[in-house]
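Presented sequentially are two complexes of chain A, the first with chain B as partner and the second with chain C.
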Partner chain A sequence: MEQLAVAILNGLTLTMILSLIALGLAVIFGLRGVINLAHGEFFMLGAYAVVISDQFLPKYWAGLLLAPLLIGAVGWVVERLVIRHLYAKPLDTLLATLGLSIVIREGVRMTGGAGYKYTSVPFTGNLHLLGVDYPVYRLFLIAITAAAFLLVLYFFLFTKYGVQIRASIANREIAGALGINTSRVDQIVFIIGSALAGFAGAIMSPIIPLSPNMGVDFFAKSFLVVIVGGVGSFSGALAGAGLIGGGESILSSVIRPIIAQAFILLLAIVVIRFRPYGLFRK
Partner chain B sequence: MPETMLTGNSRRSPRTTLAVSGLVFAALCVFPLAAGEYQSGLLARYLVFGLFAMSFDLLWGYAGIMNFGHAAFFGLGAYSVGLVLKHFPFVGASLLAAISSAVVPLAFALIFGYFLFYGRVAGVYFAIVSMALSLMMQTLAIALDFTGGLNGLRGFPPLTLGIPGTFALPITGDLAPYYLTVVVCALLLLLSLKIVNSSFGRTIEAIRDNPDRTESLGYDIAGIQLTIFTISCTMAGIAGALYVPIGHISPEILGLLFSTNALVWVSIGGRGTLVGGFVGALVVSYLQYFLGAWLQNLWYIIIGVFFILVVLFRGGGIMGFLRNRTREGVGR
Partner chain C sequence: MARRTRLLLPGIILLALVFLVPQVTFASGTGESQSIKLGFVNMRTGFGSIHGLHAYRAVKMAVDEINASGGLLGKEVILVEEDSHTEVDLALQKLNKLIKQDKAAATVVFVFSNILEAQLDIAKKEKHLLLGGGLNEGTFVNHYLFGAYAQPNQWIYPIMNWAAKDKGKKAYLIGSDYAWGRGSLDAAKKHLPDIGATLAGEDYYPLGTTDWAPAVQKIKDSGADWILPMVAGNDYVMFLKAFFDFGLKGKITVANTIFNEEDSPAFPPDIRDGLMTGATYFTSVPTAENKAFLEKLRAQFGKDVFMTNFGEAYYDMVMMWAKAVKTAGTTQTEPVIKALEAQGPFLGPQGKLTVDPKTHAYYMNSYLGKVNADGSISVVESLGESAPQPVVSTDARIVP
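Showing the complex of A and B:
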């Protein structure tokens, strides 16, 4: 019973993180049909941003705030320099961002060293919940990622830019004809997507060891979330993340974690065969 | 269409091509005499990489299918050779190992490809799903006991060619694997050239350039894509088998990074040329061999930047460059 409670809470943690990363991927993919293979590296950069800010600014919170701003800026530069030239050829974007991911990964390895890095944990205590003692920080993580998710949801649904973005996703030509600056929409979406990945990395940084390779695994999983959940839907991203993140955590409590991971990947491939547009799309 | 330009036929006369390839083959045959055993072992390794890259190009350059899980098939070939040799220690097990190195990846490619191609998974989707395949295989190879976990597969007898009882040639050291690799690479390159120049090859390119129109002409698109996918993955598996005597069977050869290498080699050598796979793998690997220790991580950054530039400026790689040069030389 206790084991199950921990598995559920762990699953919730993974679900929230994956949904943030996947949301960034999904809006970019939904808008322009391109996939940023360096998205996982943005996640990694977010975590390293906390490492750097830990050295100069005393509080963890500064890093948590700084990371999305910094990574959003990185995303903007990447969109302007590389991605915008390749919107017409999605497979080429895949290649260019693959090159970019190598550059970022090796750049971090070169400047920051290859070994694992750790950041300070802002609070350490445990809280008694569902019959188990669960780290307070993880509960905080679940809460703040949920808040971030809702904030993005609010932005997309109730602000002027949100409407413009959704209009551009629905029909780019008509949106442009109605006077929406679609090129600016591309930029905004890319900045938000990157910032979300950076934020996810920053919030995860106290509980996982940081290495230049940490993004690869998270990227692959969050892309599966996007496919399983369906492109361009918020509920899909959340449900997909729940299925993959939650499924993995709960399975891991029964069988060996590494077998559970393989099983989830296999499941995703089968789902894609029969529901290529996502489980939840009508 | 830049896509068709990539695979446009060379204007060079067949006689020149024949002479050049004959010279290259002769040079490869006498290479061990001139450069010694160690260098031959190294070249054999890079030729295996080249074969792997060529099989990737057959799929990506001609069929337009980007298979990020290509390394999974290379690894399947290598692991099945290692496992057969380890668990069947009787005479003639090598024959079984050699067959399994082709049959196991073939069967696997058929099943995986059936799910995806008949599920109409294409383009970017295919790339990412195949990425998941690579991750899954690597995860399994690390987790399972019979694959040796993180350390990889060790402690199996060498591959032995020949007729049991009368004549045996163990593929150990540097020279025997080298010559085996040269011969198999040459044969598979010829076979691949034959495939892309056949009417089947033209159909593959037609599907890449316009799947809807090709389907309206009555072609079974999914079936044809599945066929070329299976051929390409089987070749990757054979490359994996060749890797066993000269390399080390470890989970890395199943992983995403190894597939990425094939992509880099083909992009640099020239996509849609087949030979470009070998050229790219040899050039990049030798550069890394000579400069890698000096440049360290900077090496990968240079590769990454170069890769972005090739994509941004639609480069045809080394072979594309050579082709344009010879075309200008002919005079238009």
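Showing the complex of A and C:
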């Protein structure tokens, strides 16, 4: 029973983080068919933003607030300078964002060094929950990512821009004909997507090693989440993350980790075979 | 169309430059007979990039030192460094390039077991001498490989002995699921009965694992007194972060073997303070040779730089190779191999290193270190020199 509680909490941690990263990836892909291969690097930059702000500002919290703003701005610049010119050629965006990811990664390596960094940890210690001791920070992580997820959900469902974005995803031409500034929608979506990756990086920064390569593994996982969950869908991002991240985490605690990973990948293949557009796309 | 033609001319010029420049440099170079090239397939980018810089510094220092004392056989030694991006394919391409294009006399190769294994195939085919260093799981024994690689008895057993003596008898082994992780822990398992310890659990995780919470939970539930992690690269730090995150510091001891000054910046001071680790070299090793070595290193690369056990081993290996070339009077592979096999002890920063001609492994030194809050590592015990005991049977070895 205790083991199950821990496994579920572990699964929830990874699920929430992956769903945040995947959500950013999924909305950008859903809107303009752009797969942002530099999304993992935005995640990394988010963590590095905390490292830098730790040196000048009150520990951690300033960084956590600053990271999504900064990385959102980076996303905006990237959209204006690079992606905007390539919307007509989705395959070229793959190449451009792959190039960008290498430039960002190696740029960070050249300026900040290849070595590890750390950020301050806002809380240490364990909390007694469901009959087990669980690190306070991880519980906080689950709560705050859930809050962020709900906030984005609220934005998309109940605000003017949210409606415009959903209209543009559903049918761009008609949305444009109805007077929606679709170019501005593109920018907003890119900013939100990037900011989410940056926020995920910042929130993960106290518990993972920070190095220029840190985005790569998370990107690969969140990409799988998007494919399994379906693009442009909230429930898809959440369900995909639950299956890929949560499933793997929970399975790893009962069977051999390598088998757990293989099993989850197999499951992903089966899902894609029967639901080629993901779990939640009609 | 106009745009295409406009691009055509610059394009042709660019292509011409790309193809011509290397030829020109070769033509105007100093010529083959004036220099000896030493290849180096390093990891400057990718998964293993964290180790690349210190390795480069060490090899560069050795080459500069050789040249400062008159070079080899009256010739200057030129270091040709290539970056493998820590990928097997690229590492093989670069090794081939160094052998065929640069005609390197020997090549320094990096430690990752999967890469080394593949590079050995090329070395055998091309009859090319590989120089390595650091540590390995004891399965690399080859005619064309000389490595100041600590064998499991030199880099794993010392910390195990300490843990079993001071921390308890129940050990948990956790590793990366590939040759090095499994091989190292296989060697460790054989040593458990010798120190009266028992296995509380054993687990392997794929490279690139991002979620270590389940692993930590299993360790917590196992009742282990100490753990021996053989988790590679970035994953290792990721694992340790999760381990400390779950509040296990002070409850279950970590017997580190690959924790060095490269890893300590990943942890806040209160977490890294007091961690124990074993290795063949730390920056703080108290030998006269190390003092001189660090002085030179810091004069060349900055006053705060440290050195890793990998880097130190490369330095030793390149110096020993240079000595062997002088003895052999040639850079040809076979005579140099014979000279290396017959070479006596060499005094390196870690202490005395002596080759075992049967396995090409080295008698090396072991140290126990304690990590300080500032990230540096102090030597708490010098265990001295020990004979290498590779895991493979020595009969199966060294078939040219």
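The working rule: the second predicted complex is superposed on the first by the 271 of 282 C-alpha atoms of A that agree within 3 Å, B and C clash if a C-alpha of one lies under 4 Å from a C-alpha of the other, contacts with A are read in each partner's own complex, and residues count from 1 in each chain.
The rule we apply is simple: a contact is a pair of C-beta atoms (placed from the backbone, for glycine too) under 8 Å apart; a residue touches a chain by one contact, two chains touch by 3 or more.
Everything numeric here is computed off the predicted structure, so don't read it as measured data.
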Three-chain arrangement built on chain A, chain B and chain C clash or fit: clash
Chain B versus chain C as contact partner of A:L14, first or second or both or neither: second
First (chain B), second (chain C), both or neither touched by A:V77: neither
Partner chain in contact with A:A143 - chain B first, chain C second, else both or neither: neither
Touched partner set for A:L129, first chain B, second chain C, both or neither: neither
First (chain B), second (chain C), both or neither touched by A:I258: both
Partner chain in contact with A:R109 - chain B first, chain C second, else both or neither: both
First, second, both or neither for A:M214, with chain B first and chain C second: second
First (chain B), second (chain C), both or neither touched by A:I272: first
Partner chain in contact with A:L151 - chain B first, chain C second, else both or neither: neither
Set of chain A residues, in rising order, touched by both chain B and chain C: 106, 109, 217, 220, 256, 258, 261
Touch list for chain A against partner chain B, complex: 33-35, 82, 85-86, 90-92, 94-96, 98-103, 105-107, 109-110, 216-217, 220, 223-224, 227, 256, 258-259, 261-262, 265-266, 268-270, 272-274, 276
Interfacial residue positions of chain A with respect to chain C in the complex: 3, 6-7, 10, 13-14, 106, 109, 114-118, 120-121, 124-126, 133, 135, 137-138, 207-214, 217-218, 220-221, 245, 248-250, 252-253, 256-258, 261
Chain A contact footprint on chain B (complex, rising order): 64, 66, 112, 115-116, 118-121, 123-125, 127-129, 131-133, 135-136, 139-140, 142-143, 256, 260, 263, 267, 296-298, 300-301, 303-308, 311-312
List of chain C residues in touch with chain A within their complex: 44-47, 49-50, 52-53, 177, 203-206, 208-211, 213-215, 217-218, 221, 234, 237-238, 241-242, 245-247, 262-263, 265-268
